[in-house]
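Step one of this worksheet: look at the structure below.
Should a chain be cited, it is by its letter among A, B, C, D and E, assigned in written order, with residues numbered from 1 in that chain.
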């Protein structure tokens, strides 16, 4: 099924298939376009391939032997296929950041967590790093809560704060695309709320792809929604359309809770 | 809030509070009645204390040091407070069985899995055990699928079969109450379906308490629903009432997906 | 400045003397010279000596033809210094009241190769002995003591039963004999004297009808402890002697050997023997005075010392 | 746009540095192979010299081992039987004690007891073997002599008993690991059926962890086989073809130590014989280790 | 379903019977364990009783001697320190590097499988076999003699698998999510290792190094095999000198003795006075190895507690 081309394309997955090292095909020829500065949500039952798809965007699968991509993901404006073997996955990850399901700060200070992306990029100037750390923490709506204890261990933050710290860490390097893999599933409702608000603000600056198992969350935060099932993209469209008038039976069944 | 007293009470939790060994209070003075031969569903956001509550009913918390109950759970007809220190938890567990989130068969044969509860009770007669095993497997709608390989290893069954095996195991000892902790969350839709049907049949014989994170499942299988939030029982009532006209704002927010 | 090192190895029988000399010499030198003393056994010591790995080797028998050949092939010449006399002592458990004396023939019965697996009870040695299991301890095959004992008793070096507990470490033999009522073992006199409270020595009857002789200093000096009295030696490598510390060590030994030998439990040589040896050392007179095959059994050391070296 | 594109220029210096580091690390990892090759080569080459003089048939079937004597016999059997006797005694001690300790620590012990006893038990493996040898020779043997009158001053029994104690921690900690790998939810499943701790431990946990526990026994056995100092000090150094543990007998390791103590000349058949014995020892432990690791992997795969 | 009172009574007595077995078993298992701990205590107590009066300052500052009351362990403890330094300095860098390679860089292929099989097998090779290797390779082929270097390298071979396996274990205990977080920010493998994996696993690596070192300190068999049972009553040249370049490696080729060998030597002498010395040396040796093991156990415990992923 063809997605309706939205505003401006930031990234386009074309005939993307993916095989895990054990030979299992987890994605089946997926075509999907991420609209520039929009939030695209991926929903679908457990094991349908949402995380697998998301992790193609920063070549996370390259970390493990035997995994294999087919097809391409072209990112704009420079029209590069980030799955191409000539492209170093590290370069891809420098442009496309990711936030994980469980908050995973490094066991270092809050400051060092946010600064890490810059250090990896060889930035040495203390003043520049200071600025960027503050900017990122403000962007992640965490600055006011931690500005007095930047050098405290990140583990001492609450779960929600840790997750915002991970977002700040991802933001500090000005990524073009931000990937979220069920970013609130380990959080309580209040923390979830703050992360959702944050996503709403971030999309002004960056293109966002978010996996969620919570349909209501998808409805709340996203502009576009893709429904996946057993490695296939079943339906894709504007979020309000998908949730009110799904075209496919499988989508409707899932949204109304007939399974999952 | 007081539950409306339903038909006949099998078990009544009174002012039940629970503290984990680390001092955290996970349940706050809960009052709840389980109606005889009915299915009561526990719903609520992750971490609200559903599993903690469920596991009070078979004194599972006694396995770990430092855990502490307050209040009581009285079971009928003999009006015993199963939380009382004089009552041996083993005795409680012999009367109240449990099915876990992840199927957890013992690394033994199918037959031995089901027979285990009888062996623990000192039953030696082969014929009696044979009968009971068959009866329990039939009760768990598994007999036809496994009758030809009763002595094969239980691990070779599919996930859904394993979960039904665990139900058979729990049934073999004629429990008065059956506890289910998210019994289908590790299963695919078809297996889920069969477990849900099974629960519907079982309630004729046994009182059931089921934890689920899937509201649709709660709506499908239960007669009564309790909504918990942060260790408190927020609302309790007949399932159709709770899902159509919740009285509490928090319940409504949760059911409509405003959080969780 | 790295202190220089004298490397001594070889006979474990000689070890107590080597150890004592090493200890005193290092003290006298105030740590300017260091001495290592190993206990590889006479055979093991010669092997290392002829490979040039060590400076001095102790020996409880003279060098054998094969060893002389190995040294010659490696271009290693040596000076032979006699150290002391030893009474090779046959010892039994303290509670052993029956075997106060044994004839050479009885020792042969006990130790000959044919005894392997057969002679396992004291009663088989002498019908008058009690019915007591016989357990044997002795030096390992790298030992000069083993070579000497087998030659003296069996008539051919290396001929021995094999089912005894063999150790290069004489202390282990002492311990074995001390722990077992039916045990018998043999080793250098020094080890017996150091453990008199735990062992009993056996007097040896040289030939049928002869008188039993106990392994004592007096009997060794009198020349009556036969055939088990024997001389002990140091072999000093020519190349090592070019190093002053090795020469100093050797001289120190010749000056103090008599005193230290007595201290550790051996019989000092007559003073004349040390003087002759000092002369050999001073004049670099290399070679052995014991032609291969010449018996050392029952010889007078001064006479041998005067022989022409080979 | 052009600035964006420039972000894709590969940084060569970084790549080169990474490659160099990676190569050094790789060489370090290869050292494991190098060591194995060296061990096997040395043992095989020297043993080949040995087997040029001694037929493998004699080596494997003769019941006398007297390579150092005038008429040498080269039957490895006495050394092997002594090794097996000592190891068996060790296992007879370590298996029940270690398994009981593991079951107790894993399934029964209150937290506080566990915190104290587990490290204390692990300490047993930290005691140097020469200390155990001292213990066996000067303490255990005299005590045993009071009980068993015919006991030799050097004997396999006390060496075996002490080896047994020294390998208890191997058995207990690895068995405990295996039992801990049994997921908590299987245990909870059993408790939820009304089982007691003993029933849970015996009917569910122990069988579930069995392959791991057997692996623990096997690896402990291989440690016992290779024990040197305890046997060299306490079991005697005389090759003795007997199964009677009250007798002295030299094990494979004790023979190597004995010969090494008396520096036999390089290149002689005596020298080569310790390598041949070493090769036998290596093969025996290798078989056990492979078996043990296979079993261990199996229980890891199940969960 | 109702429960008749007498039925409940039967159930209760059955449970009581089951629980009695529970207690009997727990008691016997506790006894089994206490037996082992008691053996350890007996060992310590008997050695302390035999040897404590020998443990004076002089014991540490005297060389071994033929006079028991003048004997000490000076050359032995200095030798142990030097040998162990060589061991640690050679085994730790290689072991940690190998561990990192296998955990971080290695791709699954036959070569890596081979390396892994080798490491697990090397860990099970009896120490005395390493002694044979050293005898054949270091002493005879490379002509290093019975030196501190030979001994240090021999023990290094022995503890290398321990270091490698502990390093791997330590790195593996860092959750995958931390690895992924680092890579997702664009870190290279080198950076991820240097910035994250090594710092977070240093506790575990250190534990392995300490355990390996403690084994090496107490190990006797491989050193005996290279022929190290020697009377040594002197110290090797100091590693620090007064003249340029102030560091000397002359000691590395020196003959040596170490604590366990000195103890072995005294054990095998028959006179009780030497057994007292052996006991005294044993007490010192045990104190060292047990302290190191305790340190390792404590470190492991502390690190497990401190970092809760």
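Everything that follows uses one rule, which is that a residue touches a chain if its C-beta (ideal position, glycine included) is under 8 Å from a C-beta of that chain, and two chains touch if they have at least 3 such contacts.
Remember, predicted model here, so these are calculated numbers, not experimental data.
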| item | value |
| --- | --- |
| Contact distance in steps, from chain A to chain E | 1 |
| Cα superposition angle of chain A on its copy chain B, in degrees to the nearest 5 | 175 |
| Chain pair showing more contacts of the two, C-E and C-D | C-D |
| Greatest separation from chain E - chain, by CA centre | B |
| Distance from chain D to chain B - Cα centre to Cα centre, in angstrom | 48 |
| Chain centre separation in whole Å, for chain D relative to chain A (CA means) | 50 |
| Distance from the mean Cα position of chain C to that of chain B, given in whole angstrom | 86 |
| Rounded Å distance, chain A centre to chain B centre (Cα mean) | 36 |
| For chain D, residues contacting two or more additional chains | 196, 199, 261, 263, 266 |
| Per-residue overlap in chain E, given as positions that touch at least 2 other chains | 15, 18-19, 188, 227, 229, 268 |
| Multi-partner residues of chain A (each touching 2 or more other chains) | 91, 94 |
| Residues on chain B engaged by chain D in the complex (per definition of touch) | 58, 60, 63, 65, 90-91, 93-94, 97-98, 100-102, 104-108, 116-117, 119-121, 155, 166, 169-170, 173 |
| Residue numbers on chain A that touch chain B, as the complex places them | 45, 47, 185, 188-189, 192-193, 214-217, 219, 256-260 |
| Residues of chain D touching chain B in the complex | 110-111, 183, 185-186, 188-196, 199, 203-204, 207-208, 302 |
| For the chain C and chain E complex, residues of the former touching the latter | 2-3, 5, 7, 9, 15-16, 18-20, 22-23, 26, 31, 34-40, 53, 169, 171-172, 174-175, 178, 191, 194-195, 198, 264 |
| Contacting residues of chain C [partner chain D, same complex] | 9, 38-41, 43-45, 47-48, 51, 113, 135, 140-143, 158-160, 162-169, 172, 175-176, 178-180, 183 |
